[in-house]
């Protein structure tokens, strides 16, 4: 199992009800797998998983990427700064 | 005769040796006529009269314009601000 | 000029954006021109659905946002190698109408070598890839403003 | 918005150019974007004949320069009617390297409606028709910088 840290921002944080979580995941889990797990474990997040942006260690990541151990994973909607 | 005020800037002022002059000119004198008069009266200015910009009452003026009475006439090189 | 002598400033801050100070920090002996973009909180919006805004609440994923600002600066330098200094600053927290919230400034020796285009590119890219979000609070409620850009792999 | 409520600032000044203050003066409740151009004294010039500059001495035909700045602002408003505020400031006197000498700033509700183009147009026009001149003083002597634009009737 791999230990990872999750960070939530903006609408995703509001739905998760928390800014961050730590969890253990299987060593070969992909971003898609992580989304599926979050949809199951946190039903409030299910709808958000379709359009969420995800980063691994502060770089944008995509469904097929495998989540490395001790990764900092962030989940957020498309950015709206400026 | 018309009374006018002349203002000189930048290189033209350096050559004229003064910032301003007042003079009387014939009532029908044009800008071209004024340039000719200045070339004769102030030989130092002769070379400058080819490329000088001239304004009448703070608007750009051209050779055929007649100089009105009490005009404020300015003579200067192409601008270089910024 | 060595690339190392070209200042690049990028920061997420809760403090007021000081244009005079930032401009001075990216002005070199060889600098003759600067193009600066700032965005402000609009109190009255008339494009799209007309509405008023009491304030905006900005938040950022700070370490990633600063890394992505550096990436935007790197992209600017690659596209416009003559750019001398770059400043990219995003203010966060509760910001009221008329307050500058973001600044992109680029300097160069001359104005005709890309400073305007570089600043424009900078703000466009910031709004695509720098992880900052704003919640709009108005007399009638509050809602998150959502962007629509989906970064591509490698961005 | 009534044109009368749109601020237009134009001035020839011997004082420091304060970007923060000028930006605040042209920011309305409906403003969301500003493009600002500033020019500075270059201490080192490498384009054309490479040379160093100790300082520049600026002079202006003040009342006409301010009238022509107003004309530049009017031209901007005619070409980009969405522009909200405009500031055009030229500093004169003895100015040393790295000092901002000129500023053109334009504000609008959104960044994609011409603010960048308007600011660029403003500095280009200022350098064509606003009667200001600069004398360059360097270790090797001094000379007047001369422009090359000849205004047309009506300009």
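Letters A, B, C and D mark the chains as written, and numbering starts fresh at 1 in each.
Convention: a contact is a pair of C-beta atoms (placed from the backbone, for glycine too) under 8 Å apart; a residue touches a chain by one contact, two chains touch by 3 or more.
Everything quoted here is computed from the prediction, not taken from an experiment.
Listed here as common contacts of chain B and chain D: no chain. With every chain reduced to the mean of its CA atoms, the largest distance from chain C is reached by B.
Here the spacing of chain A and chain C, counted between their Cα centres, is 26 Å.
Centre to centre, using the average C-alpha position, chain B and chain C are separated by 49 Å. Remark: chain C and chain D have CA centroids separated by 23 Å (rounded to whole angstrom). Among the residues of chain C, those in touch with two or more other chains are 39, 123.
For chain B, the set of residues touching two or more other chains is empty. Of all possible chain pairs, the ones that touch are A-C, B-D, C-D.
Those residues of chain D whose C-beta lies close enough to touch chain C in the complex are 18-20, 23-24, 27-47, 97-98, 100, 109-111, 115-116, 119-120, 123. Those residues of chain D that touch chain B in the complex are listed here as 39, 58-61, 63-65, 67, 90, 101-102, 123, 126-135, 144-153, 155.
Partner chain C is touched in their complex by these residues of chain A: 7, 9-11, 14, 53, 55, 58, 60, 62, 74, 76-82.
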